[in-house]
Amino acid sequence: MGKPSFSDFVSIRDLTKKQMSEVLERAEGMIPYASGEKRTRALEGRILGTLFYEPSTRTRLSFESAMLRLGGAVMGFSTPMGTSIEKGENLSDTIRVTESYADILVIRHPLEGAARLAADMSSKPVVNAGDGAGQHPTQTILDLFTMLQAKETLEGLNVVILGDLKFGRTVHSLSEALALFGANLTFVAPPSLEMPREVIADIESKGVKPHYSSSLGDAVREADILYVTRIQKERFADAAEYAKVAGTYRIDSRLLSQGKSTLSVMHPLPRISEISPDVDSTPHSLYFRQAANGIPVRMAILSMLLGVDP
Amino acid sequence: MGKPSFSDFVSIRDLTKKQMSEVLERAEGMIPYASGEKRTRALEGRILGTLFYEPSTRTRLSFESAMLRLGGAVMGFSTPMGTSIEKGENLSDTIRVTESYADILVIRHPLEGAARLAADMSSKPVVNAGDGAGQHPTQTILDLFTMLQAKETLEGLNVVILGDLKFGRTVHSLSEALALFGANLTFVAPPSLEMPREVIADIESKGVKPHYSSSLGDAVREADILYVTRIQKERFADAAEYAKVAGTYRIDSRLLSQGKSTLSVMHPLPRISEISPDVDSTPHSLYFRQAANGIPVRMAILSMLLGVDP
Amino acid sequence: MGKPSFSDFVSIRDLTKKQMSEVLERAEGMIPYASGEKRTRALEGRILGTLFYEPSTRTRLSFESAMLRLGGAVMGFSTPMGTSIEKGENLSDTIRVTESYADILVIRHPLEGAARLAADMSSKPVVNAGDGAGQHPTQTILDLFTMLQAKETLEGLNVVILGDLKFGRTVHSLSEALALFGANLTFVAPPSLEMPREVIADIESKGVKPHYSSSLGDAVREADILYVTRIQKERFADAAEYAKVAGTYRIDSRLLSQGKSTLSVMHPLPRISEISPDVDSTPHSLYFRQAANGIPVRMAILSMLLGVDP
């Protein structure tokens, strides 16, 4: 396959539908390597630099595991503590120095736009692992991958997205990507946390008219996928209001019994109390497989950016 | 040798005497690989996940070194800071996610029972690297291994165990294991830090009647091994009481001159002031070799759990 | 080449001019491996232990990258948090334990003399990655390497060193090494931060008579290299005094236009505001290449100490 037509992985909006499909296809091929069933030294001698200006163990470890499964090596930092940042260094200097230590960089940063800046500064490929309220594009790809794996096609799939649709980092680009692939979208959110207008405009521009529901029960009945996100306490001025919303939007196996037998529940994890543990052992639970899919998807992205086939 | 008959390494109580002997024997074979004299790629492509919910640099580094010496790779976290735990995630979710990133997990956790829970949740092998006041089984194996290496047999060996026998994490399972191998046990502890009754009951059930001594001098005279542990200041209500105990139980070369010329002093380290530096250069000092033995012992355990011979 | 005549790398003063030349020559040969253009497994199976008692991400990552580029593996800690040090362990115990986990140690410590102590305690090679106000010898070698690469010879090179010459960790040994190689030295420093007398005495004993200038403009006119260091706010009793000095010593492209067209600006980085970003895109900027040279230079040192050729 050789080099992809993209040289960084900063925003899902940079990718065409065809490019997303290429990543999804390559991720499929990575599964035996991701599970350890097959071995590869494809990236032997290559170094991944992980620049986590904001801690995120799960994302960091899944990138590290992906690199190691490809035979590569990893170095970096997991919090800005003890880095030159504390001495007042700006991001672009850090990027220009660390790019000479590694072959590819993964960056997570609290400020939106940081990954784009890093990609612009660096001559090495840069992967955005989340920048503030901005993008987290590898999460979007692994969400699409998980849906495809479970349902075989995204076209016409009924996807209900639930929770904090206003601030939730991942649901914006997921919704846009799903629209591109022709899924049907239903949004369920408390009034103060509804999907922003510009995201809806983007979705509609792709020919998809999203549905809105205030009743979780109604939404669940027709759903193929129920995508749940965390509702953060700090988004509410009032603790009572939070408690009410959190209580309303709790998913349990009783609720799911109202839906299709093939209904799958997804969550980017970590969950707090949005999904009852009694769902874990039902066939509806797809979130642990979703988390595991971080490995083949990130293997696909790292190997494509480095122009190496396993 | 293939797969061992145990699939996790959570508590020394899970192992029969025969299984412990197998681990000890395999550790013996690991010594040239542990020292770097011989090389192996036995675990190439395998990933160790280190989940340290409580910091412990020495234990973590010795597991990491063991994995690297076997040709494997390592990823994980060394403090819970910046992990999903801080976002409120429960242990079982973290285990279910990280087990898909690695081939084997090592966990250290402040709560007793955490490693057992992790082993129950995970389909991958789990090694307990210390859980609260609970078990630290790889320490016990490396202690036995060090005694065997120095004295050739545990049967009839006079082992004096000194210090905090009440809260000391490692001395309970060490005493039980030594009883199983027929060592003679003498306990020396301040009145408030004596060995718990249930441990004594377990030892006696194995046919060993421990001795008790309030005089360190008396105990040292007959000892083959003097196993010293740290006495923690915070166990005492009163600073003066602590100072008195710490002073009484300080080991120096003058005290050791009252014992056998072959007397060996062990300590799980780090030591504070329990052993005088003047012991370091005497033939009595076994504690640095004991620390170094963490590598071959942990190599044995990791490779057995992964079913791979070097 | 085999083993070098030095077994540790603690102070630049331990090395003869011939030994420094050997390191510089080997670093030259490392460039294709450092950039990833060529691959080597020269240090496969070897473990670097990184003991960073004081955080320094840049230095740590460049040692890690150097080890990984040589095919080796890395383990260690990046802050003393969570290490046995916090339990009160002394440095020599930590060294004696960790040396059995690794093949070579890199240590950074806030106290001068710590690296020497570590080297004395350890039977494995120890590299000093900075100890307090003491030495940072790999920085000196990479500075020399960068000057040689840019200017071909150090003999007769006009080097202006600017900034905090009193407390700046690296400028003392750099000045002494440059004197050894016959460079001409000019020092520009605020009155309270002048080069210490013993360093000047050492330089003069090597047959070099340094120049002193209070005017940056004058010094720049004849310079081949302008070596800029950070001036730390905390060195000044008075904020106004700091602001005045920091303002006087700021390097921008206007100032550089008064110098030779071939004038190169170096800085050990991180910079705060000592060098204006408008210098970055000029041919005068050598500091990012200098930072990148940390990899081949540290590869040279690690491989020489381990007696392995790539």
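We call the chains A, B and C, going by the order they appear; numbering starts again at 1 in every chain.
By our rule, contacts are C-beta pairs under 8 Å (C-beta built on N, C-alpha and C of every residue); 3 or more make two chains touch, one makes a residue touch a chain.
Small disclaimer: the values here were computed from a predicted structure and weren't measured.
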Relative orientation of copies chain B and chain C, as a Cα rotation angle in degrees, nearest 5: 120
Residue-number overlap at the chain A/chain B interface, same or different (half cut): different
Between chain A and chain B, centroid-to-centroid distance (C-alpha), Å: 40
In chain C, residues with contacts to at least two other chains: none
Footprint of chain C on chain B - complex, ascending: 36, 39, 52, 55-58, 61-62, 64-65, 68-69, 71, 73-74, 78-79, 269-272, 288, 291-292, 294-295
Touch list for chain B against partner chain A, complex: 44-47, 49, 73, 75-77, 81-84, 86-89, 93-94, 96-98, 100-103
